[in-house]
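Think of it as A, B and C in the order they're written, each chain with its own count starting at 1.
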Amino acid sequence: MTPLMEVRGLRKDYRRGGDVLRAVDGIDLALAQGEAVGVIGESGSGKSTLARCMTRLDRPTAGSVFFQDTDVTGLSDRALRSFRRQVQPVFQDPLTSLNPRWNVRQLIAEPLRIHGEREVERRVAEVLREVGLGRELLTRRPANLSGGERQRVAIARAIATRPTVLILDEPTASVDMSMRRALLGLLKRLRSEHGLTYLYISHDIRTIEETCSRTVVMYRGRIAEEGPTGDLLASPRHVYTQVLISAIPRAGLAAGRPDRLKARAEPGRQLSLSGCVFADRCPHVQPECAQPPPLIEVGPGHRAACVLADRGVSPGEHS
Amino acid sequence: MPGLEVAGLRISFGEREVLHGVDLHVEPGACAGLVGESGSGKSLTALASLGLLPRGARVTAGRILLDDREIVTADRDRTQKVRGSGIAMIFQSPRAALNPVLRAGRQVERILRRNGSHRDVARRSVEILGDVGLLEPEKVARLYPHELSGGMCQRIVIAMGIASEPRVLIADEPTTALDVTVQADILDLLEDLRLRTGMGMLLISHDLSVVAERCGSISVMWRGSVVEDGPGQSVITSPQHPFTADLVSDLAHSSLPDVLPGRPPPAGLPGDPARKADG
Amino acid sequence: MWAEFRQHPNLALGGILAGLVVIVAVVGHLAPPDNPVAINPHLISAPPGHGHWFGADEFGRDVLSRVVYGIGIDVVIGLVVASLALVIGAAVGLVTGYLAGWVDDIVMRVVDIVMSFPSFLLALAIAVVLGNNLRNVIIAVTIAYVPYILRLTRSAVLTVRGADYVLGARAVGGSRTRVMALHVLPNAVGPSLVQATLMSGWAILDVSGLSFLGVGIQPPSPELGVQVAQGASYITSGQWWMSVFPGVAIIIAVLAFNFLGDYADDKLRGQGT
């Protein structure tokens, strides 16, 4: 079955003065209809750039973006109209992603007006109800809402045109912990009620765990590992994924983490362009890592781009 | 009591009381955790300890003591003398805490000078930068903040914090703006420094797992009051206050393995230290 | 309303002054106490006294009437120049800042060239070339002011266009025009509005300065700068009222706009956009 949305060989370079920064370097990713895929990465991993390319807010330097079998990579603004109705981003910070001078009604109505919805007021009220907000908020501006309410408005705006795909970039990052669970619940409910497909980007593994059935781990513009979320977290095969997971703070452990797997200290600006991008910080680096890493299948749908992927012991296994 | 003690602290903004009698204790050499959401008053408590209350806020009751010496009271809540009293503080945003036009080394030197020492500051500054885990500290000392990563900046801020040889270090969300791997490194560093220098540490965060992992005792703040406190383990295993229970249930959600991944490969495989010959 | 006045003394001062100026200008234009251009031989160079509080000039014309009539001219010119400069400068600044590219480069080089001349001298040169009348003076001063508004707007646009909400507006399907007009412009035009308010006052200074030099507006127009020029030669013989009263009127008008501009600035910062 063809995926609903797909990215092939995606590459995005940014030019800063004389230097070229390769934010995304050859990413292949497919979203099946109704799936929730998580993308984990730290700063510099390229996850936000990936989101921008997938929503066509940026044009990829190379590679292609497919939506419903159509190549949308190079399309003009006008040709992208239908795409824009169906693929919507949700940004991290609603304080900056919502026009501070507009009130809630205007914000939610805007996509509807652009796409020629006939009964704007009715749809606005409908969407507002769906995200659990009251009508009294319609006249307020973002600055006069709580963090949780703001993000709900952003979500309302995103689902107003009945999209099929939501690309969420850290949607709960600027919200208090107590609100976070409510927001995640809302996102889950919306997804099941409307059959939405999610690409959920986060640095917080715990939120991804709750929402996504499949997860992709990115490092420096490339995919390090991908697979079913449970498998990937229980049995990470790429060394970077292991480093990441072992760094998550956990309550049960006593002070002092003698067996935390650590990456080697930051090397400065030297990067090896060929071979594994993690090689210069990998605690288990091998000589073979100077070559482009193989993509090794370690389980159903679970792949890691690491020479050590199928060697060594994982937790839970006994040698 | 030795260490930092906050006793019955009440703070008001004009007529509105925002801190309702907070009690807190940081023992020397120990790490005390303070958890709460934004607006709970945790940062305010920390700022009060350094006499750094924002404009319009004043201490209306209670006191703060360092090693049994009164440093903050209702009529003395904003004095210069409080800083440099043996408490240092580091904040969430490392770049905001650094002067963008001064090289890293100079910023540490300034702290050394401010605390009375004038000889050898350049050398000591580099030494301290090394203490906070920066590789090639002499090189880093010559760099400006914008040339450094977030993690490195936070290390420099920590260097500035420990340069004054504080009795207590208050860390207010020191890792919230950092990646999770960098976060773990920084928390390791803080722990290491605490054990080496015997200073007490107050770790403030909205993330209970961070605090639970690193602190022997935990205090939970909610809307200006401490609603629960006690040894870390018991707060986690049997929370009394509903807010604490809420936070704890968030922790339990995770199905992450208890055993950490990344154990070194078994003997005989590449990476095994015993196999050094093959390197 | 009153709370606003108390919190912003600038508004109070500027508002009162501006209000006064406007009232005087309107009344003075419609119903001046005496005919501002009528020559009264028996009043030649009469000092301020009963009936003629500001005295009379060398042609016997009542200075008070001329001043209140002339204030209207200057204020209107000031507002027209500022509005034109705002509209043109903001429009070009918006488009060139948002679209960037080579058009932006060319426009900015032109702006650089224009701004390398002191604005008064530039206006002077343009007015001389175009010819001495009211319309040309307005054109000349406007041309001198446009680059400042353009740069100000463009600079704000450069900041705003990177904001997430601008990206968001594109993401919901907004065309570039729509995004520019509805999202970028309202959030970028603030500083330019403040500048335009202040420019209303400076335009009065520039225009009256030009007419003082004999460029642009000519006598017998009771424009304030012309009056100052004509009365200037009589100061040394002790007949100060012919220059001083129009001069003070200019000051008051400019002050009014300065205070209003400060108030606008306060409001802008309070918004925190």
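Everything below uses one rule, namely that a contact is a pair of C-beta atoms (placed from the backbone, for glycine too) under 8 Å apart; a residue touches a chain by one contact, two chains touch by 3 or more.
From a predicted model like this one, the values you see are computed outputs, not experimental measurements.
Across A-B and A-C, it is A-B that has more C-beta pairs touching. The greatest centre-to-centre distance from chain B, using averaged C-alpha positions, is reached by C.
Chain A has its Cα centroid nearest to the centroid of all protein Cα atoms in the structure.
With centres defined as mean CA coordinates, chain C is found 56 Å away from chain B. Note: centroid distance chain A to chain B, computed from Cα atoms, is 30 Å.
Taking the mean of the C-alpha atoms as each chain's centre, chain A and chain C sit 52 Å apart. Residue numbers of chain B whose C-beta contacts span two or more other chains: none are found.
Those residues of chain A whose C-beta lies close enough to touch chain C in the complex are 52, 55, 57, 77-78, 80-81, 84-85, 88-89, 91, 93, 96-101, 110-111, 114-115, 157, 161. Taken together, the chain B residues at the contact with chain A in this complex read 31, 37-38, 133, 135, 149-152, 179-185, 187-188, 191, 206-210, 212-216, 236, 246-247, 250-251, 253-266, 269-271. Contacts from chain A toward chain B in the complex involve residues 42-43, 176-178, 181, 203-206, 209-210, 230, 233-236, 239, 241-253, 255-257, 259-263, 265-266, 283-284, 286, 308, 311-316, 319. Partner chain A is touched in their complex by these residues of chain C: 163-165, 167-176, 178, 183, 186-187, 273.
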